[in-house]
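Look at the two complexes coming up: chain A is in both, with chain B in one and chain C in the other.
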Partner chain A sequence: MGALGFMSYFLVSFSRGGAELLFAGVRNHQVTLPSQSQPWTMKQLLVWIRANLLKERPELFLQGDTVRPGILVLINDADWELMGELSYLLQDQDNVVFISTLHGG
Partner chain B sequence: MCEIDENYGDILEKSTIPCVSQMCMKCKSNSAALIIRAGDAFCRGCFKEYFVHKFRAMLGKNRLIFPGEKVLLAVSGGPASSSMLAQVQQGLSQDTPKKLRFVPGIVYIDEGGATGQSMEERQMAIAQLKSIFQATGFPIHIVHLEQVFSLPGSVLEAASPTPTGTDGSYKGAVDQYIRKGSTGGAGPSEEPTQPRGHPVLDVQQHLAQLSTMEVPSSQHSQEMPSSQQSQALEMLFSSVRTLTAREDLLMTLRHHLIVHTARTQSYAKVMMGDSCSRLAVKLLGNIALGRGASLATDTGFSDPRHGDIMLVRPMRDYTSKEIAFYNRMFGVASVFIPSLDTKVSEKASIQHLTESFVTRLQTDFPSTVSTIYRTSEKLQTACGPQDRDAGLTARCLLCMCPLDTTSDKSSAFHATLVSEKLSQKLPSEAAPPKQGCLSSTGRQGKDCGALTDGCCSSDRTGRVPELGSLLCYSCRLTIKDTAAVDSLPPYILTEATRRMQRSQMREEIAEFLLEEDDG
Partner chain C sequence: MPVVCSCCAQARAMLKRPKTGHSLCRECFFWAFEEEVHETIVSASLFTRGETVAIGASGGKDSTVLAHVLKVLNDRHHYGLKLLLLSVDEGITGYRDDSLETVRRNQRQYELPLKIVSYEELYGWTMDAIVKQVGLKNNCTFCGVFRRQALDRGAMMLKVDKICTGHNADDIAETVLMNVLRGDIARLRRCTAICTSGEGEGAVPRCKPLKYAYEKEIVLYAYFKRLDYFSTECIYSPNAYRGHARAFLKDLEAVRPSAIMDVIHSGENLSVREGVRMPVQGTCNRCGYISSQALCKSCMLLEGLNRGLPRLGIGKHHRLHGKILAQQPLTLDEERKLKAVDF
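Showing the complex of A and B:
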């Protein structure tokens, strides 16, 4: 996994819950992260998202190191709490979904 | 101990982070897909069973929905109400003896006029929702918020409730329904199969249709509201000064529209999609808003305040996380519609602040929401001693809850009134018109919405009634934040005038009335 020149493709998407408003309404993002010696962690992915995808109001999506309370994260359709949350190591072709639970009922 | 900036991180133990290979705690054979509550890991199959079972159990435990009854589902397009719709659809289509037995319809309230959306956006949202609703095959009612301007005043009357059966009659009703069904006879919508008649409901429905104001035929409201109505709505909402009051007013109008739709289309019950997380936020928020007296009705399973129409909340046991996961995993479609508090700052309104407070607390202490929920289950409404004296409990004009402001002189509420009166400057000496604003003793001119001194200004041709004495405490605060009370929908104003005239008349003939003896 630590090979140089290794590019990872991820699919980052936002379910129809309002979070996509902060990303200019685009719900699905095919993301290619620049290669690095260590595998990408979720924490680094969040930093990358903030820098590259987030269009406005970062405080509505991120809080400190992690996502804002009320935003669920699914990695390959499983709860990220089962994967180790921020310390999960991303793998090629992973599908990360952010769902905002703060709206709707 | 409980300081604002205290960091509990060192003191609390970090619970062990579960690993990927954790097994489902129920079937122990499949790998877990999500964690609910404080640490229960479920696989997909078990989670689905758990979710579906909870819905049936909630309906079955409360025994309020009788077989064959018409129930209106209030769907906002958000995840919880869409999930409720999916559960109802699934429950009705099964052939097991445990299948749900009522007759549903769907109502959607288009609030785009109040939240500042353009006509195109609203039409697009409605089209998306319609495609979801039509797949269910239930009757659809799309109501625009602008239709509040053509509601009849009877919406604000709490009709006497239809007689509810006891457990015995519920079981009898179910047995009778099953027997009827097995003989291949009556379908669910026939009148004779209903275990009890709806005489009051029928009368109410007829009364609503006979009202002199135009009743919106919501089934055919395909056309968007007129620009005149949209402007009136915009004027009403822009005259409200705080976001808190705006949200409160929007919710009140929404409820009135739903109740009116239920009455005119002869639905006996309405299902709302409030989830556990939502209700926990609502509970704390309502206390902050001054609605403490009506907590039980606002957050309980059943809400009887409208009399003949009962509101039930079958989703109140589901956290928003469970709903979001279920919708994602099993393909329940929902539509995101921006509301008043989309993308506002954290402290913009009391409701919004409470939501972020509870959500944040929940991440550190995962039992927050369930504790609040369990507390809300224990709340009951107490009848005050003064309720027995009045023939009918006086109800708030807007929220239909029993008035909590008829308290004695030593209460905290009276103290706030006194201090408010003292801190206001003296009203001018201009005499208020005789047949206009009725100022009861101690009321301030502020409540009638006119910001100038004195009661309603005499150059206005229409009479703006003083609403303060007809409202509960928190509705008073909402109206106080509304600058232009005369832009309220006419049904509220006429009903207010009627009630005040009635109470004035009652005062005049009070000495001639025979008093009821307390039995």
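Showing the complex of A and C:
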């Protein structure tokens, strides 16, 4: 049900892994998304991140509709593959973490 | 709609394993991950009781997880091993010095002795200096060759019985793909071996306990266990050939996660047709290290660096080995070809 006049906010963070470099080195972002009639999906969040947070080289973070293969997404510390991936409906105060695996070990 | 762990059926599942498709809770995941490494170690008989084992530690995710898991398994299953950390300092400003700080922290956290060997002391060249001479296209060749030998030399200084490295399933699958793409049949046959034979002077056997561990699982293990690791891409690596194989493999994994294990399986089960010429293993005439040519790659590369001929060692120069060993001068034409550098 669409919430009237309340803004949902989420914590979006980029775990050490290099991903934060694409976001001006800032690891933790408290994000407030404008309210809309339908709940925000992860897919929409990615579009929003690209427009508002991503500072450079979008192709290193996104590929098509989704994240680049090799970037893991956790929602409230759980694998987003268990939550429906792009179609997951964001809830107020959700914590989304992106971890890049694409670096030396 | 939280999913329940498919193992204990009690706790909430926190991740979906790409290897098996199972949804597991944190504790069951830790257990599965650790015990699979244990299974790899036991079934391949990687270690013998009482051995001293050096863990190649870079401060990155793989070697940190390797050090942690080996310590856990050594205690839990009483392997009776003496473990220590061995690090290589290639002399890459802003990358290696930061990751070595992480290794030093690991040393304190895991309470393991640490030894660091550097290119500077072993070869007289840091990677920074090498890149200045060689450029950004073939520099990874130098680094990889030198690092292999550096690990062996460090291991011999420490008198260890074995080295182990954090190569994971993704790495090995990438290597298989790379060797197919390059048509390197000799390497293709060797690259899936979990343990090297360690024959020849100056070579310590080395093994890869994480050979069947998916990179994604290593990252999640480190994340959930809050392990301290360093993570950026080496500043000199963006043009490395491996990057292409990696991108391809990641796309394959997205379509079908078992692809990584399948590629390794294919690599392991390759057989070579009769009559295909293969290099014969010998030793380097100059330093005695294992080599299939008269001069080992490391000596060739160093010779090139020291004589200002950066392309010596990149590509094949069998005919020149003899000349170089005998310290005969090269013709003007030979020198010109070896000097040309692609920046």
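Annotations
Here is the rule we go by: the second predicted complex is superposed on the first by the 104 of 105 C-alpha atoms of A that agree within 3 Å, B and C clash if a C-alpha of one lies under 4 Å from a C-alpha of the other, contacts with A are read in each partner's own complex, and residues count from 1 in each chain.
Simple rule for what comes next: contacts are C-beta pairs under 8 Å (C-beta built on N, C-alpha and C of every residue); 3 or more make two chains touch, one makes a residue touch a chain.
Every value quoted in this text rests on a predicted model; they were computed, and no experiment measured them.
Following the overlay on chain A, a clash is recorded for the pair chain B and chain C.
Of the two partner chains, neither chain B nor chain C is touched by A:33.
Set side by side, chain B and chain C differ in how many residues of chain A they touch, and the one touching more is B.
Of the two partner chains placed by the overlay, only chain B lies in contact with A:85; chain C stays clear of it. Once chain A of one complex is fitted onto chain A of the other, the partner contacts of A:60 are limited to chain B, with no touch recorded for chain C. Of the two partner chains placed around the shared chain by superposition, neither chain B nor chain C is touched by A:47.
Put simply, of the chain B stretches 7-15, 187-195 or 475-483, the part that bumps into chain C is 475-483. Residues 15-18, 21, 69-70, 72, 74, 77-79, 81-82, 99, 101-105 of chain A are contacted both by chain B in one complex and by chain C in the other.
Remark: chain B residues 17-20, 22, 32-35, 41, 76-81, 273-275, 277-278, 315, 320-321, 323-325, 327-329, 334-336, 338-339, 342-343, 355-356, 359-360, 362-363 touch chain A in the complex. The touching residues of chain C, counted against chain A in their complex, run 2-3, 12-16, 23, 58, 60-63, 166-168, 171, 215-216, 218-220, 223-224, 229-234, 237, 246, 250-251, 253-254. Of all residues in chain A, only 15-18, 20-21, 57, 60, 69-70, 72, 74, 77-79, 81-85, 87, 97, 99, 101-105 touch chain B in the complex they form.
On the side of chain A, the complex with chain C involves touching residues 15-18, 21, 68-70, 72, 74, 77-79, 81-82, 99-105.
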